[in-house]
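The structure appears right after this line, and notes come after that.
Note that the chains are named A, B, C and D in the order they appear, and that numbering of residues resets to 1 at the start of each chain.
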Amino acid sequence: MKIQPYLRKAQFYETDQMGIIHHSNYIRWFEEARVDFMEQTGYGYRQTVDSGYDLVLLSVSCEYKSMVRFSDTVRIQARITELSPLRMTVDYTVTDADTGKLRATGHTKHCCFDSRAQRPASLKKAQPELYALFESIAVENDGQ
Amino acid sequence: MKIQPYLRKAQFYETDQMGIIHHSNYIRWFEEARVDFMEQTGYGYRQTVDSGYDLVLLSVSCEYKSMVRFSDTVRIQARITELSPLRMTVDYTVTDADTGKLRATGHTKHCCFDSRAQRPASLKKAQPELYALFESIAVENDGQ
Amino acid sequence: MKIQPYLRKAQFYETDQMGIIHHSNYIRWFEEARVDFMEQTGYGYRQTVDSGYDLVLLSVSCEYKSMVRFSDTVRIQARITELSPLRMTVDYTVTDADTGKLRATGHTKHCCFDSRAQRPASLKKAQPELYALFESIAVENDGQ
Amino acid sequence: MKIQPYLRKAQFYETDQMGIIHHSNYIRWFEEARVDFMEQTGYGYRQTVDSGYDLVLLSVSCEYKSMVRFSDTVRIQARITELSPLRMTVDYTVTDADTGKLRATGHTKHCCFDSRAQRPASLKKAQPELYALFESIAVENDGQ
């Protein structure tokens, strides 16, 4: 399974008075790209709610390389770069959709959370099929 | 009971590339002022959750009179201008805290909602003390 | 010219703790639909900047009819409903893209602003071709 | 000079459907704390604009330790932890203002940017007094 990049048009309300997209929006774009990634795997929002397990966010980081402006379209490629039964890291590469110029890189770290028991869980035990799928995606999309 | 105005400093991330506060933020400031208003009445968020009734938003409007810029402080005066057992209108006047210059006016309309039964309710029947308080506030703060 | 509706997927970060899309986001969606509308006319952002005239926002209103939830897609139809040399009103109808159920209606009022002279201008005089286009669109999309 | 922590009340519109403050808002709170920090030094927004130099954001990161909920007040302590003529790192510690419980930690990295020449500059050369002040603050607030 090849994960397709997520395309996002930068909006006017996302600009700031420097005339660029405010840095906080990239964190929201990462979430959009992650949601899209999950939908491509077949484990989208509805499936997640039904399963009773969430992928909780532990940390986020973003490095800003060049500026995005209103009405630019960015291409966000999300990749699973670390996967263990308890933890997962997703990396993001944001480029301009027209020129390919690098705009930002970032990552988010997640753990699996049992929403009924309200405690961390092993993703490998809780959702073995999803875990196996993540493993295969991580390998196939490596070095993309 | 005299409701005190709500003071809010405009933030950098609320600006847009015109160099002013983006209009969508005023709608959020109205909510902040409304929450503050409710806390002043003694019926803040915790009390609302415990009561099982919400003040659901039916509509919002805002007229922009002059621009707010980053690091300006605005003063928002919320007032109950219409009150019936089923409906309530709250008006907002946004002025510059330093100069008093009018920045915006607006209003929100609300109904009382029974969050357990998941249907509209009479505020007067559901929360008679709050309703009586709203009536007295509406009169006292009239023409302020 | 038939203006196509704007499709928008509701995002997780737009939800609030009531489990629905927070009302302030609809105001941002109106802006997205308006930007898309302008691009369909051929007078998008780049053309606007080059022209030296802006369509400044004077007021906004929204009536909430039913709730939008995370991962729903909404269809937003923008229409010019009032047009004079100095003023323009744009109406918005937000429906669920799958079911057609009405979610919200709203409108924004605008005037033409000469960004070099920093004062209001007549749209009809400043941009006669755009004004004529708006007139024809307002008629063609009437009663849509 | 002792930098005072920045207090911020979490708003309803900052919640998400998990019933907690959405993680993207912490990045905005860091900015608010940084702006407040700069104002405490006497080099606030107006001074920065007049100087012709900006502190541009290069990267941001945040680790989420425990959840913040609507109407909680957080205390954000910003500290300069790395300072060189060309680069600066600001660390943030977010705690609950009532209980002192740790909510999040994070940092932002910045460089000095000459907004007229549109290129990076040495903060030490461009604004020697501010640089000296940052140096003394970094020492005084160390281990706080």
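The definition used in the following text is that contacts are C-beta pairs under 8 Å (C-beta built on N, C-alpha and C of every residue); 3 or more make two chains touch, one makes a residue touch a chain.
If you're wondering where the values come from, they're calculated on a predicted model, not measured in any experiment.
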| item | value |
| --- | --- |
| Chain whose Cα centroid lies at the greatest distance from that of chain C | D |
| Pair joined by the larger number of C-beta contacts - B-C, A-B | B-C |
| Geometric centre distance via CA averages, chain C-chain B, whole Å | 25 |
| Geometric centre distance via CA averages, chain C-chain A, whole Å | 30 |
| Distance from chain B to chain A - Cα centre to Cα centre, in angstrom | 36 |
| Contacts with 2+ other chains: residues of chain B | 12-13, 18, 24, 28, 31, 70 |
| Touch list for chain D against partner chain B, complex | 11-13, 28, 31-32, 35, 44-46, 70-71 |
| Residues on chain C engaged by chain B in the complex (per definition of touch) | 18, 23-24, 27-28, 31, 54, 57-64 |
| Contacting residues of chain B [partner chain A, same complex] | 12-13, 15-20, 22, 24, 70 |
